[in-house]
Every structure is written in C-alpha cells, then in structure tokens.
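The same chain A turns up in both complexes below, where it pairs with chain B and then with chain C.
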Partner chain A sequence: MTRDEIKTIALQELIGVAADLAGETIPGDAQLRDEFDLDSMDILNWVSALHKRLGVDIPELDYPRLVSLDATADYLLERL
Partner chain B sequence: MAWQTIQKPVHNPFQRPTEAHQPVAAQPPPALADYAATRATFHWDQARAALHGLPDGGLNIAFEALDAHLDTDRADQLALRWLGRDGQVRDFSYRQLAALASRFAHLLQRLGVAPGERVFSLLGRVPELYVTALGTLKAGRVFSPLFSAFGPEPVRARMEIGDARVLVTTESYYRRKVAPWRAELPGLAHVLLIDRDGDTAPDGTLSLAELLADCPDTGGLTATRPDDMALLHFTSGTTGRPKGAVHVHEAVVVHRLTARYALDLHPGDVFWCTADPGWVTGTSYGIIAPLVIGASLIVDEAELDPTRWLGILQDQQVTVWYTAPTAIRMLMKLATRDERGIFADYDLSRLRFLASVGEPLNPEGVVWGRDVLGLPFHDNWWQTETGGIMIANYRSAPIKPGSMGRPLPGVEAAIVRHTAGAVEVITAPNNAGELALRPGWPSMFRGYLNEPERYRKCFVDGWYLTGDLAQCDADGYFWFLGRADDMIKSSGHLIGPFEVESALMEHPAVAEAAAIGIPEPTAGEIVKALVALKPGFAWDEALQRALLAHARKRLGPAVAPRVIDVRDNLPKTRSGKIMRRLLRARELGLPEGDTSTLESDER
Partner chain C sequence: MSRLYRMPSLGSDMEAGTLIEWVRQPGDRLAKGDVIAVIETQKGAIEVEVFHDAVMGRPLIQVGDKVPVGSPMAELEDASAAPALRPATGIPATHAPEPGPAVAEAGTRTSERIADQAGHRIGHRAGTGTAAQRRRASPAARRLADARGIALDAIEGSGPRGAVVLADVHAATGTTPTTEAASPPRGHLDLAAMRQAIAAAMSRSKREIPHYYLSHDIDLTAATDWLTARNAQLPPDQRLLLGALLIKAVALSLDKFPELNGFDRDGHFEPAQGVHIGCATAIRGGGLVAPALHDADQLQLPTLMTRLRDLVGRVRSGGLRASELSDPTITVSSLGERGVDRLYGIIYPPQVAIVGFGTPALRPWVQDGQVVPRNIVTATLSADHRHSDGHRGALFLARVGQRLQEPDTL
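So, the complex of A and B:
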C-alpha cells in the first residue's frame, strides 16, 4: 500500500468517526483536534476503526502521534 | 468483590505506602488533621475570617487570588506555569499575573462594560484565558467560560442566556462558532481575538494584545460585595435550555477551604488540575483555589497524552494532582501493580496527594493509584450548583474505594425521599434516595440567571436537591448510585438530552428524538440518540450519516451523539413526554420499571 492509499483510508475512517468532516477539505498537515474539533473519544474511535480496517495495532502511547492526516499516514506506513 | 478500606497508617501518616519510591522531603501535615473534631466545632465565619477581604466588608475573588499575595514574599513566586502544546513554557509570578489582570480590568472599563455584565471566553487552555478570568473578576464583571469543544449551538445558547457583552476567543473559533449568528446577538458589543491578524481579521473584532498594551498594569479593582455575581457557569437541563448557575464572590470562601481540606493544598505546592476551565472544576480549582492558597499552578495546553503527563508530573515536581476518572481509566490500561510499564521510567516521588472528580471513580481506579503511583486517589463529589467540593475523601482519613467520602466540615448532606413538596430524611444506613444538602454554604449558587422558577424548584422543605441518587453507610460515607433524572454523564461532563434532541429536531427528516446515555468503558457514558422520521423519509446509512454530521456541526464533539438509531415511534406519556428512561432500560436490557404513564409505545 502506498502512503497516499493509506492516507485515503485514514481520511475515510476519520469521516466514519466524525461525519461532519464529509465534504470538508482537510489539509494533510492540519491539526485535527484543533482545527477540525476532534476530541479524545473521536481519536479512540478512529484508532479502533483503523485497527479493524488495516489490522495495525496502535498502542495507546502512540495516539498522540496521530495529530494530522500526514502524520497518521507516516505512522501507519511504519507499522504496516 | 468487596473492596477493602484503605487505612492511612497511624504511626506516620506522611509515609509513602509503597517501597518503590525513594525517600521524599519532609511533607506538611494534613491541612485537615482530624475530620470529626474539625467538623464538630466548624463555623463558616472561621473560614470567612481566613480571607483578606476588602475594606468595609467587601470581597473579591481576584484580589484573594492575586493582590493579597503582593505584599508577601510570595509575590515573585511562580503562580502559573503554562506548558504549550509544542513545548513552549511561559511562567507568571503572582506579581505578573496581578498586573495582567489589572490591564484586563482597565480594558473592560474602557470598553464601557458595566459591573455585573458578562464576559465570555471561548478558548483552549492558553494564558489569555487565565488573564480574562482573573481580570474580569478583578473588575467586578462576571466571567463565564465556554468549553472550546462546543459547537455553534451550545455556544450561542449560552451567550444568549447569559446576555454576553464581551467574548474573548480565537479567530478560528470566532469564524466557525460565532460569526454565522453574531448579528442576532446585538448585546455582544465586543469580540476580542487573542490572535488577531490585522490583514485578514474578521470585521467587528478587536485585538486583545493591542488593547491590553495600552492599559495600566496596576489597579482596576472594583470593590465587590460578597454577594455580587462573579461567575456564570452553565449546566444542562433535562427539559429546557441550559441554565446559567450564578455564583458570587463569596464562593471563594469555599474554594479556599476545600483546597485545604479536600485537596490538602499548602502554600508552595505544585498543583495540577487537568480539568478544562470550560467546566466548573477547571475554574474553581484550575484557576481560583490554588492561587488563593499560594500554590503554583500547572496548566497544560495539550490533551491527555500518557507520556507527556508522566513527564509533567515528574519534571514539574507536581505535589498535588486533581484529575478525572476518564483520564485515570485511560492510564489504567498502561500499567498494573506488577507490570508498571512506562510508569517505571518516571520518578513521581514528589506527589503527595491525588484526587479525582467528575463522576464516581471505580474502586479499581482508587486502588490502581496506590499500586502504580504509590498513592490512592481520593474521590470527591460536587456539581456546578455547589460551586465547590462538598463531599470528599480526606488525606488524614481512611478511603473506602468507590465512595465519594464524607461531607466537608460546614456541609450538611443527607439522603432523602421527596414527595409532594415535603422531604423525608432517610436516616437508616444503606438506603437509596436523593442526595440533598442543607443550604447555606458560601459557594451555593444564588440563582439560575433569569429563571427564578427553575431555581426555586431545586429547594424543597429546607433542602437543596442535587438530582443525584446515593446512599450513606453507617460510617457516614456517601455512595453514588445514579442520576435521579435523564441527564447524561460523558467524560465527566453533564449533557442535557434536551439540547441534543433540539438540534436533531432541526433536521428536516426528524419527527421525534430522544437522547440517552449508554455505558462506555472510558467515557463512562456516551450519548446515543433515537429518532423517528417524518413521513416521506426512509432510514438508510446515508441519512444516518447525515444526521450524525448535522448534530456534530451544531453541537460539537462534546455534546453530539456518537450513535443514532431509528424507531418508528418513541414511547411517550399521556402528556406527550418522551420516556427516555424506558428507552434506556430497553437499550441496556434493564427492568422497565413503572410504565403506568405510558400512552403510546415505541415501534
């Protein structure tokens, strides 16, 4: 899987968690919590959706790395 | 399983209970050494006398928090250390914070904001938030904080009800959450942006930094009276719009007393309250109480990140930590008594006292604190209306894991049954009833703004009814059982179903809506909504997604439902009231209880 494919999946799953993001333009480096109003429960739900979709284990200690779509794609690429 | 009471060693109550930690510096004796003796002789006048006060019986929260320290050697001590998300650190001494508060107080006067008028903040945990709060209080204007994860509708409802005169916020929050409806709130005279950029800034906004630079950094104090309005904290209702609980300057009597008795705060302590000032805990204990005591307050801009949090506890040498069950439950996943994980890499030996609030802390959490952090968590109980901690586990007293503890000296609590305008106190131990408090403690709310009828209804037969169900054991420890109403508690925050349902009803497809809380291991409860559709609409995934999106856009993640499901019809009483309790019981497979008032059932 390419980084772009992973990023697309991450975005799809993010919209699954925060339905209001459908149709929004989310720059790859945008801080998701701040600029797109995600809270800790959203991140938890996103992690579990990514795990289900990609089979990647994301330990709790790594959640803070999922700050933007770019950072998340990089992180997932490392773990896949 | 039954949980064992955690006894505090009598021979040396200050010794750490585990050997995993290095010896620590001498610790101060507990601020409340003998619960029973203190309670027996306590009078609120003693607590009032412990404050500085103003001439002629005046009292001002910001004066107690800041100016009162300026002629002591605490003046140049660290009052607030701000830890930015990106690693930036900003320190403020008591003198510096007092000067900033003075500037803000002068600014409000220059802007023509009258005493008693409301100044709202919609900010993350940034230094400007603390300056706004303290400057507003110093000026004798009223501070009302909004949680930054609220969407535009909760923000608007609160600013309308509170008749906001000033809003301090960021450009981004303003554009997304306020600008679309600002024209409909003509009373909002000034919007002050902390990050205003002259070139691109929205119309009708001012730069906070530019305005403050021009204001004097001394004075600005308004000699408020103890019963002048100081804080307006919103709380949700089951039936109706949010309520603005009015708190007065005299609340600081309780802030100071509880900081000592329930949090064991001493001057010079390094105190970290993880609550956001958008909620009452984050204001009473995340701003006011530690400053009144003369402690150093740690503020972290970032959200929960276990590695970061352990780093803060260690590096800032935090001595007293006040946090919430949702955070504790997240941390509990990372370590056990035998497998300490990353906790083994940190020196937490400076910690002296741990406390928790927001919702009942599971007994597992209390004991986990002892096993992994070397100290048990002390759970305590209070709510927006009480203004300060009312029931607590104390440093000097045994902890019963799962119990909220015993009432503060000066606070009379009881379990009551109330029927038709009369209250009967249940004195036999271990009987369920509603938790009630005898009015008269200084931080008691003095009204719901402009809603005297809703305020009056909280008091029956000489008791304030809290809306929480609880029981009291033979030793006088109180145990939370649940809410007496349909309120939802998610991540420690009270969410009113009415606010959620109103937003859903605005969607053209929705005929009826009900919001209920369903259990979730980390947040305690999450919001689930059930809707019935108008004729001509069919339920499918696209509509479900559209409703979820609609609710999040209006309400924000803190309030919006995480799950929405459909019913043909929602169960209602004869008067047309949706029976949320019945819906919830069915969702959870619980007994349905009394359904005698059921008129039309769900399909």
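So, the complex of A and C:
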C-alpha cells in the first residue's frame, strides 16, 4: 500500500467518524485537533476505525503523532 | 377511547417543533418508549417517543407543520381495543397496514429495543416499510440530500432495509467526501436556532437561579495511571476516555447528595428517580447539547463508555431521542484536552446543579511535605442555592475527588 493510498483511507475513516466534516477540504498538513476541532472522542473513534480497516495497532501513547493527515499517513506506513 | 399525542417539550427552552416524519403509521402498535415521529427542534432532528402502550391513530398534523409544545399531533388509540377501532379512524385504505405485517413487526421492534438498551442502534429512525411511507434514510444522508436539493425517493438505498445512507447520496450526486465543495451538510442542525435556544435557557437560568459556585483541585494521577495501564492492553474500541471516569465518579457521588440531582418545579425541589447525567457535548461550528446518559451510576465503565460514544455520535450526526433531551437530572461539562483550567457552569433549568471539569494538567502539588508534579484537574460545582447550600455542595465535590483516587472502584 502506498502512502497516498493510506492517506486516502485515513481521510475516509476520519469522515466516517466525524460525518459533519464531510464536505470540508482538509489539507494534508492541517492540524486536525486545532483546525478541525477534533476532540479525544473523535480521535479514539478514528483510531478504532483505522485499527479495524488496516489491522494496525495504534497504542494510546502514539495518539499525539496523529496530528495531521500527512503525519498519520507517515505513522501508519511505519506500522504496516 | 382515543387519546392525543402532543408535541412534547424537550426542555424549558423549547416552544415549538416541526414534524419531519411519521416513523409509525396509523394502526401500528406502539410500546411505551417506541419512537413515533421525528421532529425538528432548535437542537436538531429529534426522535420522539410515546409514553405508554398505544396504537397509532389518525395524524392531526402533516409533515412540515410547525406546532407549539402541547399541540395535538396525532390520535392514539387504546392498545387493547385497537383492532376494532382501526377502521373507524378514517384513514385511507392505502395507509392501513394489514394485520399480518403488523404482528410480524412486533418482534422486530422488540429486538430493536433490546439493541437500544445494549447501546446499539439498528439503522436510523426505522419506518415500517410500506411503499406509501416516507423514505428510510440516515439523518446524515437526509441532511446532505436536503442540502443538495435531491429527493430521497430518487436515490437508491444500500443501507439496512433499503435505507438511504450517506454514500448513496454521494453516489447520486457524483461526489465523494474528498472532492465535494465546502458546504457543511447541516440541514436539520440549525446552529442559529440552537444559539437562540441556548440564549433562552441560559438567560432564564441567570435571571431565576441563584447560583453558588465551588471549586476543587483533584489529583488525577491515580486515575490517569490506571486508565493508561488498562487501555494499553485493549484494542481501541474498548479503550476508555477519562471523561467516562469523571461522569461515573459524579454519578456515584450523588447517592448521598440527592438535593443536587433533580428538578426545580416552581420553586420546589423534586428529587430525581435515577441519575441521568446530561453530558455537555460541543458541536463543531458552535453550539452544544447535553443529552442524558441514563442511569450512569448503574453502568459498568465499558458500558458507560459505549453509551457515551453512541450519544456523542448522535449529537453530531442526528438521531437524539426526546427522552435524552428531557431526562437529564444534573449536567457534567468537561473541557477535555484542549481547554483551560476551569469552567464555571450555568445551570440548565429545571436542573439544579452542573459539574464542570477543566483541562487536566501537570501542576505542582504538595504530597507528604514535598512539592511534586501531579496531574491535576479543577472540578467546579454550580448549584441552585434555593435547594442546597455551599456546605453540602463542598462535601459533594470532595467526594467526587475521593472517588477518583480509587479508579478501580468506579
């Protein structure tokens, strides 16, 4: 799986858990928590969805690395 | 005997509601708690329930009608006398379901109720599936279709029992979530109307309720250590958030402080029967809703967490129940990870108390005569001085702090 494919999946799953963001343009480097107001519940739901979709274990300690779509793609690429 | 189903009040700030759809049809059997209709309020699209067993009778208002709280919406027939009464209701034959399917429905309804109680939902706003009915669709799909000006009937549904889901709307419009233009699909969540509702409720609160305020710093280190160790062993969908622990600690602490858990009724205090925590949930773009997490004191943490996830999800995507809006007996508001030290809550009438939690942070703390860094949260209580005093409120907040020192007992 390429980084771009992973990034696309990360975006799809983000919209899946935060449906009200459907329609937003989310730049790859946007700070998700600050710019799109993701809270800990959103992050947890997103991590759950990514875990299910990709089978990647994402420990709680690594949540801070999921700051943007780009950073998340990099992180997941490492873990796959 | 027929009775009337009236527009329910979903809070002291609600004056009227607009019928979005009849979930049930004339002749349908309704058990207490079944959803009968979806109405639009200032808090979004809400599923409203019946309060006793009945059979749906003649509708008295139409989809799109806006009526004041208390106005008749439909006739309800006596559950026992129903079959004989049905032909007399004057409903066109095309709307009258055959007895067979109606009986078959009962099983489905029961399983849905059980699923609801387990914290799961089967589909959204279930209709009963005759062709003459309004189209089944998820709230998000309905909003998006509205925003795009597409009729739901024109869309092929791929969801449960043919319901139109978000992906179907995207397919119908030739858009995907990644390419569409920036226009938040918020049709039924009118943020301006919600702002008015908040303004009305909070103005009333500040006008009528003599608040007193207390603040208490709580060492959360034990709780967060316990949480971290527990979550490290679990897949993400079983992990707990700190917010769930805070809610549970408040719920458990109320048992000795009934004067904080209940309602002001014209100046008199009415203690609540259960502990239904209103969980203040922010909505992206502004506004908030604080729906009830029912019987929070009785729930094991994993169940409480599942319910909380479900509740927050439905605040943001639609599908809250009327009972969830009208039942909270006390509110808990947490600022979460990205906030400030403390919040001073304003009581949501007719409740009499609100507990606030600021953002936990490492702060210097004196322990055994030494200054050490500990993870501290500031808890606050705003309570109605007509019904409780600062002394009792202080004991309550202290108890919440004590409970959080023993997270494995929550």
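The rule is short, and it goes like this: the second predicted complex is superposed on the first by the 80 of 80 C-alpha atoms of A that agree within 3 Å, B and C clash if a C-alpha of one lies under 4 Å from a C-alpha of the other, contacts with A are read in each partner's own complex, and residues count from 1 in each chain.
By definition in this document, a residue touches a chain if its C-beta (ideal position, glycine included) is under 8 Å from a C-beta of that chain, and two chains touch if they have at least 3 such contacts.
Values in this document were obtained by computation on a predicted structure and should not be read as measured data.
Contacts of A:T8 after superposition on the shared chain: chain C is touched, whereas chain B is not. By the touch criterion stated above, A:A22 is placed in contact with chain B and with chain C alike.
In the superposed model, C is the one of chain B and chain C that contacts more residues of chain A. In the superposition on chain A, contact is made by A:E60 with both chain B and chain C.
Applying the stated contact rule after C-alpha superposition, one finds that A:V47 touches chain C and leaves chain B untouched. In the superposition on chain A, contact of A:D39 is made with both chain B and chain C.
Shared contact residues on chain A (touching chain B in one structure, chain C in the other): 18-20, 22, 33-34, 37, 39-41, 44-45, 60-61. Per the touch definition, chain C reaches chain A in the complex via residues 140, 144, 166, 177-178, 180-186, 228, 231-232, 235-237, 239, 241-243, 282-285, 308-309, 312-313, 316-317, 336-338. Per the touch definition, chain A reaches chain B in the complex via residues 18-20, 22, 33-35, 37-42, 44-45, 60-61, 63-64. In the complex of the two chains, the chain B residues touching chain A come out as 124, 149, 151, 172, 302-308, 326, 330, 333-334, 342, 491, 522-523, 526, 545-546, 548-550, 552-553, 556-558, 562. The touching residues of chain A, counted against chain C in their complex, run 8, 11-12, 15, 18-25, 33-34, 36-37, 39-41, 44-45, 47-48, 51-52, 57-61.
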